[in-house]
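The same subunit A turns up in both complexes below, where it pairs with subunit B and then with subunit C.
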Partner chain A sequence: MAAPVKLDTLQTIELAEGVQILLRPAGPLPRALALIIDMLFCVLFFLLALLLFFIVGRLVGIEAGVGVLLLTVFVIYWGYFVLYEVLRKGQTPGKKFLGLRVVRTSGARVRWGASIMRNLVRFADMMPLLPQWELWVVAFGFYLFGMTSCLATRRFQRLGDLIADTLVVYDRSSTGELNSALRVAVHPTAPGLVLTREEQLAFIQFTERAATWSDSRKEELASPIAAVIGATGREGVVRALGIGTWIRDS
Partner chain B sequence: MRLEDVSAELRPRGPWESVDLGFAMTRRHFPHLLAAWGLTVVPLWLVLLATTHWVPLWLVLLVIWWMKPIYDRVPLFILSRSLFGDTPKLRDVLRAWPGMIFRRFVPLMLLRVPWVIVSPAFSWARSFLLPLVDLEGQKGRGFKERQKVLLQSAGGTTAALMVLCGVYEVFLVFGLLTLGGQMIANPAGAFQLGEAFMDTAFRHGQMPAWLVWSLIAGYLCSMTLVELFYVGAGFGLYINCRTLLEGWDVEIAFRRLARRLAQTAVAIVAICCLPATGAADDESADAIKQVLAHEDFKVHTVETWQAVPEGDYKGPRESGLLAKFGNLLFYTVIIAAVALIAWLVWKNRHIFQRTPSATAKAKTPRTVMGMDVSPDSLPADIIAAARLRWQEGDARGALSLLYRGSLVWLIHSARLPVRESDTEGDCVRHARALPEASPRNYFEALTCGWVLVAYAGRVPAGEEIEHLLTAWPFAGKDGAS
Partner chain C sequence: MKRTAFEESNEPHWVDLESTLAALDSKQPAMDARRLPRLFRQVCGDLALAQQRMYGRKLCERLNTMVIGAYQHLHLALNRGASGFVRFFAATFPQGVRREAALVWLNFALFFAPLAAFLAAAYFEPKWIFALLPPELRQMMDAQYGAGTGDEYVREQFGSNFGMFGFYIMNNVSINFRIFAGGVILGVGAAYGIGYQGVFIGAMFGYVHHSGNPERLYTFCSSHSSWELLGFILGGAAGMRIGLALVNPGRLTRMAALRDAGRRALPVLLGSTAMISCAAVIEGFFSPSSAPAGLKYTVGILGWVMFAAYFSLAGRRMDAT
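Up next is the complex of A and B:
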């Protein structure tokens, strides 16, 4: 009863030039971590606003101080995410720390309209809000709606993302650092036949990660393609490595 | 286990990405998982909760919490089998359920002792390590070694996963309760909820039973939802570790390549066996040239010219005088139109400014304070009619006639801005604008008498009414004077 489409978290986008790019939408947990970091930053900014309040209150008067405080808190609360997202190419400090980025679903940069929209709807995502919270300047909630929407949509979008047509994606490759030090020196050999893109990638993966596998596992992996590489066992592994090196370096 | 049948895309992922894959797996099978959970775990909970008759509640709750690894086996059973293309039916889950409870029950429960006896890692990476116990059947030494290998690649993420899921479990309990409280139409009910919390938390009050049970219900709901995704995430991490450690993705790709070659092998052999045809190249090239030289393949180009009527684009500019006149006319019309609009606006400027006199003049009220104040509703000789009524003993009717008569005079003769909504006091205030003193004073006295009769039911003294009847200062009923 296997489902027809294989489950994946990727989103493929074909650009006008026929080039395919892959977006990797990020799930709720790294986003929650990024949110926690951003909240700490917000608190930091609030403390700075408080400092400003004391300075202005001392210099000008307490009423001016309160005015400045309310204004700064408003700007921080409503502007923090929008300003960072638009001016720092979709990365608030928290997202940068987690290696995330906000983009349009087309993969394009997020602009004012989309960012303002997704952050206004943050209120809906926060719901249910903490009770009796209207007495406070800033609101906070349990993020139940956002989490539900995030888990229920294919591309992990919260309500704000759905409305503003944006995504949060992983920005940096997380497996790229694997092992350039563990590369095996083999003589590159051209494959005897035309390989599809996926098959080429498989050969490259085999070469890159061969050092992490035991010899017997390498031989086992290379055994189905004995007909392609024309050898089995140890010799087969060496030939497969050669083909992988050839594809990678050419 | 046939790797080719795997129902998710396997490739090396980062730890968070594999958590996401786990979430996606849970999402795909969510209704199924929820149904299986409801058929297996929920009845167990009900049985456990029923024992609160004999066992203290906190102990029952501790047992419910402690048995989490047992519950985790249900979603893991479904997810792991459906990953390899064989989603178990609910019947299969039910059949496997007793085994899930009792298979290696004691070691699993011991693993749950945090930090102490067997494995501190297990309490941090439960859903990630459960596949080792359940799917690989690792025990003792083997389990320890295997766990070390796996945790090396995903240890940090499992801890973060654990903490976040724990936080979310709490969030969900209170979020659900808050949501429920906000759904209560009666705000006092919502308030009661918050108060009860505060009482228990800060004022050492006794938690009411309804709150205890709604907390328990909220916690069990929250555990259900979080646990399903937590197990999915752990399983995603586990699958990714195996993919990295054993090259599952490479194996799948290589097997697919082998199958593709086996299918095309026959075709390849056939192509390779064809005789070489290089010698025929020159002949065919000549033949192609011959064919292309034929008239049919000649490319024709046709160039056509089309006359454009001269007047179309030169006319207006050539006849300069006319054009100038036309321009002049155009601008004159525009200026005239603007001037006309400005004049109209100026002429009707009263529309735009609200002067009270204008509005008051615009509509004289037909009734004031519910009384008919149109001149036609009054008798020709008000004084005589009023005196008649007074003599008949109807003081109220007499004063009413007088009052209405004076109002009519104020509205129609003195043209005071009396409105339909004005009260007696307002009318007196309007009357103060009268230039002469006698109608002013008379109206005030009349209002006094009328108010007493109308609202207090007190008939003024005889001489007072007599005075009002004789001192009538208004010339006629419609102010014809």
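Up next is the complex of A and C:
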């Protein structure tokens, strides 16, 4: 039997403890937004470095000030992502804002080696670069390589992720609102026939996700199994929800 | 067992684990962190049961989050601190360089062949050098290494001070990282980056040979030459290792070859970065100092001898890490 075609992007990882965990890789859009926020933070840090430059320049001398400025800029330029990812458990400020996190493909936390690697390869991911591509504290390119790699891999990995064996995942599931109240009274009902495991799962997931769909979408999704549940339209939806609730809670 | 009964009977240790994890995340001293492994295994079992019995996504995701959180706290690579640092330079780095010997020699040739060619051009065909170096740069070089200039100019321009040290760190390490990142793009970038450095440095040296005072140049450059040039060459080799994995993955899939190449390239890259940072220290403080030329040449030659010995001998008896 062929493996079922996956519709979602969830990645199943089996731990040494024999249990499977699910990671939800983040796509290019949230990652791009996180990157923009991180660039703003770099600029902010640069302004702080300038302030430091003026203070040291005034107190010690202009040459010492220049030295301090260049060293600080060096640390921001090459260290911003690495330091945040390693010391803040995989989250730069931008990633934290968007609820993302860098992890190893095993689900473990990133350490120095992996983080340094993925962030140095960033310069390959950035290609093609802007003609005047260095804004002194942040390097900027169009991320064409990274984007292509992201879209071509199952787990949305840019080149740096592939080489360092890392993933960017959503930190927590976005399912807080899923069990919000349905606006219909549902009576748990036993299905009239024996269901396979996949079919039972389909009913459960229908029940759990129904609250996020419009009524017509619910009816549309319930219509292919009208013969099984013996009703169509709104009544079909209520039956399907009833069966789902029955399977889940019994 | 019904889901509600399952939840009721296990809720206490779930809450226990969640609060322990929250304490660990916020770096509060968690008195009961020693119980983490046991709680972790218990919740692993709960998650497996919840998945198998189809207790629904909400519960599974809650357990999933807990398991990931505990896993990330328990499965950490050991932070070996200072001994890890020593071990890296005593074994991991030279071993990594020896493993990439072929690529290192290739980058060595890519750098020194154009350099030698342009040095030769200074005596046979100086127009090559004039074609390459823009007039402004030649003027600057005349001012620094010209036949008639004295020591004072050099000291003004490259005063042994903190400012120049900062500049060398920023500039040279950035060049190295970019050579590396260029190498990732199918190796072409590294070949170009390294070759370009060779051409340019060769042309500049050739120009000074042609119409300047070579002694002034060599007294400035010799002491940090081995650290910096070998650093660039190793950075280029590390980048090429990754680029080659895409072109010639061997018996692995390209993805697996990339990961493998990343692991092999990392120690070489980190070591080369350390070398270039050391070069910046020497270049900022010792090279422009008024130490006698003989001492500077000795330091320079000792550097090359030391690295030859280091890369061929160090870490032979230690296990690969």
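Criterion: the second predicted complex is superposed on the first by the 165 of 250 C-alpha atoms of A that agree within 3 Å, B and C clash if a C-alpha of one lies under 4 Å from a C-alpha of the other, contacts with A are read in each partner's own complex, and residues count from 1 in each chain.
Definition applied: a contact is a pair of C-beta atoms (placed from the backbone, for glycine too) under 8 Å apart; a residue touches a chain by one contact, two chains touch by 3 or more.
Since the model is a prediction, treat every value here as computed from it, not as a measurement.
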{"item": "Partner chain in contact with A:Leu59 - subunit B first, subunit C second, else both or neither", "value": "neither"}
{"item": "First, second, both or neither for A:Gln205, with subunit B first and subunit C second", "value": "both"}
{"item": "First, second, both or neither for A:Gln20, with subunit B first and subunit C second", "value": "second"}
{"item": "First (subunit B), second (subunit C), both or neither touched by A:Ala185", "value": "neither"}
{"item": "First, second, both or neither for A:Val194, with subunit B first and subunit C second", "value": "neither"}
{"item": "First, second, both or neither for A:Leu29, with subunit B first and subunit C second", "value": "first"}
{"item": "Residues on subunit A lying within both footprints (that of subunit B and that of subunit C)", "value": "127, 173, 175, 178, 201, 205"}
{"item": "Contact set on subunit C toward subunit A in their complex", "value": "2-4, 25, 40-41, 44-45, 47-48, 51, 54-58, 61, 64-65, 67-68, 71-72, 75-77, 159, 161-167, 169-170, 173-174, 177-178, 180-182, 184-185, 189, 242, 255, 258-259, 261-262, 265-266, 269-270"}
{"item": "In the complex with subunit B, residue positions of subunit A that touch it", "value": "1-3, 6-10, 24-30, 32-33, 98, 127-132, 141-144, 147, 151-152, 154, 156, 170, 173-175, 178, 193, 195, 198-199, 201-202, 205-206, 209, 212-213, 217, 220-222, 224-225, 227-228"}
{"item": "List of subunit A residues in touch with subunit C within their complex", "value": "15, 17-23, 63-71, 73-74, 77-78, 89, 103, 106-109, 111, 113, 116-117, 120-124, 127, 145, 153, 159, 162-165, 172-173, 175, 178-179, 197, 200-201, 204-205, 208, 247-250"}
{"item": "In the complex, subunit B residues that touch subunit A", "value": "5-9, 12-17, 19-21, 23-28, 82, 85-87, 160-161, 164, 168, 171-172, 174-176, 178-179, 181-182, 190, 194, 229, 233, 244-247, 249-251, 253-258, 261"}
